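In the two complexes that follow, chain A is the common piece, with chain B as its partner first and chain C second.
Presenting the complex of A and B:
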């Protein structure tokens, strides 16, 4: 096993360990912190694979954005210091079964098809990502990009409508 | 066999560079505390610290010693792991940004070309932005783990303030990226060394970025998380000894680093103004001079930060949110639009 592989497995173990801790801890704030570490680990994996753009975006979006929002909602809604009640046995069994089936599915898929070597270097330069994303020609992603933008816009308008509903009555 | 085939000199060189830069950041932050007191004293017509050493220059050392000697108190009701983690994260995120800043040009020593930049990664500015967005966790985790209502309130304030001001900051950056056409910090500086400083193209963008930097560093007029009259002390209320020191220190490091980042982005980086560096040829001391130029620019920003702190009163919280969302974001969008039109026009 080469040093590169050892580092890969170390990072993966860190990600998985933090993920398991995030699932099993019964304090909701700690769960969010473990999730944070797990996502930082994923970013580290991207850095190790030298796809720096994806790594930076991973940190900006997930670590800097989504987990902050999760923690915010925990602060504002939950009794974040209290331990949550133990889940009933049935739910535990179901969760373990779901994990086993998910694992079996991925394992079988990888076992059958494996990872094939594409034979060419992975081109990840920021320029290329940018032109590809806004390209209308062949293999361009302009249309999906716009569709996603409209979806997000709709979600934003929806949020504002929900948040504004009680305002006019108060005045 | 990735690691074994590595260039050991590169490893040593980078290790020395990291050590140097971290030391520079820490010492600057240490003396920034002294500078802050002196600036405050001058503005308020006092003398400031003048007992320890000449001009009170040993005051930071005395403060540091005091912080180390203090009893370390961890509240019983706190969550110990997170309580310790909070200041650590604050410090790490404050220092990490220095890794991608080009601190000077390339120098030739011992027959090697040494770039005064720890990592010239392809996404430099995005990395800075990512680390800045992680800085909020130091405050959030520390404030929550203290198990104190005032700390928690301050943490929520700090976090929402930082998230709000990240947005116009990012938008200001986008218009800057349109002008330069690269996200590599080295390219930013090269362009400015050979041409005009970016602030000429992006005065409004710089203005927005500067205000956001003030807010990200939790400096007055945006120091709502530390509003003593409302929150007693702020998110670090329960901290004592060097943990408190870490939080206070991280603030000064942040100030210095954001000054350096602003100089790099808008004020030519390590470019020495009115001097053509290339005319001197390959001499080692030009690298040192460039480094000093960047330090000077950063320190000027630190001084402006302090000047603002001791002149302008604190905002109210709704004013803060108002400024961020209703004024800076539309302004930044407008700036982006105008920049885009001009860039398209010139092409």
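Presenting the complex of A and C:
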């Protein structure tokens, strides 16, 4: 077993362990911190696959943006030390069964199909990504790029409008 | 690099997806449900990158999908948290069982 394989299995165990803890711990703040570790593990998996650009985007947006936003909203909306109520036993058993059967089905499907490695080197570079992202011709992603930028603007304005406290009559 | 079969990476992302589904089924707190959705989106991202890297190494479409999914996830989390804060102001609770005015 080579070092690369050992590192892969360590990263996978880290991601899945932190994910399970994030979904089962009963304190909401700890749940957010375990989610943060799990996302860092996913970034490590991208580093292992040598797609460093996606790993950097993952760390900047998820770890630096979304988790911080979630932690802020936890502090704004509830006591972080309070334990959440346990889910009812029936719902828990049903959820575990559904998840196990779904996992088994997908596992069997993937195993049966058996994707094979093409064996070629993956040649990406930030230069290529940038050129293709803003290219309007064949294989270009200029239109989705503009649509996503409009979506981000709409989401920003929408967030401000939704979360704004409305009391104009107090003046 | 190539000693790991592609299927093993896919098993990891499948397991992450179903961990997120478990959280979505059992949790009733809106913020933790949002966290479960983030885990699910991450497993999808891993799949896109793996398929691009190992099955179509001459193209870049999977990387673009991953970048767009990460962007849209950020927008979705921001809107969801704005809605949660607004709901907390009116109901003093972010449990989904407490917000049932629009049911029926």
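In the analysis below, the second predicted complex is superposed on the first by the 161 of 171 C-alpha atoms of A that agree within 3 Å, B and C clash if a C-alpha of one lies under 4 Å from a C-alpha of the other, contacts with A are read in each partner's own complex, and residues count from 1 in each chain.
Convention: a residue touches a chain if its C-beta (ideal position, glycine included) is under 8 Å from a C-beta of that chain, and two chains touch if they have at least 3 such contacts.
What you see is a predicted model, and the numbers here were worked out from it, not measured in a lab.
Annotation for the three-chain superposition on chain A: chain B and chain C fit side by side. When the shared chain is aligned, chain B comes close enough to touch A:126, but chain C does not.
In the superposed pair of complexes, A:148 makes contact with chain C only, with no contact to chain B. In the superposition on chain A, contact is made by A:57 with both chain B and chain C.
Touch criterion met: A:98 reaches chain C, while chain B stays clear of it. Touch criterion met: A:107 reaches chain C, while chain B stays clear of it. Within the superposed three-chain model, A:4 lies in touch with chain B and with chain C [touch as defined at top]. For chain A, the partner that touches more of its residues is C, with chain B and chain C as the two candidates. In the superposed pair of complexes, A:65 makes contact with chain B and with chain C alike.
With chain A used as the common frame, the shortest Cα distance separating chain B from chain C works out to 8 Å.
In the superposition on chain A, chain A positions 2, 4, 53, 57, 65, 72, 76 are in contact with chain B in one complex as well as with chain C in the other.
Put simply, chain C touches chain A in their complex at residues 1-12, 14-16, 18-23, 25-29, 31-32, 34-36, 38-39, 42, 45-46, 49-58, 60, 63-64, 66-68, 70-79, 81-86, 88-89, 94.
Those residues of chain A whose C-beta lies close enough to touch chain C in the complex are 2, 4-5, 8, 12, 15-16, 19-20, 22-23, 28, 31-32, 35, 38-39, 42, 45-46, 49-51, 53-54, 57-58, 61-62, 65-66, 69-70, 72-74, 76-78, 84, 87, 91-92, 94-96, 98-99, 102-103, 106-107, 110-111, 114-124, 128-129, 132-133, 141, 144, 148, 151-152, 155-156, 158-160, 162-163, 165.
On chain B, the positions that touch chain A within their shared complex are 1-4, 79, 82, 85, 121-123, 126-127, 129-134, 136-137, 140-141, 144, 147, 152, 155-156, 159-160, 163, 166, 183.
Chain A meets chain B in the complex at residues 2-4, 7, 29-30, 33, 36, 52-53, 55-57, 59-60, 63-65, 68, 71-72, 75-76, 80-81, 125-126.
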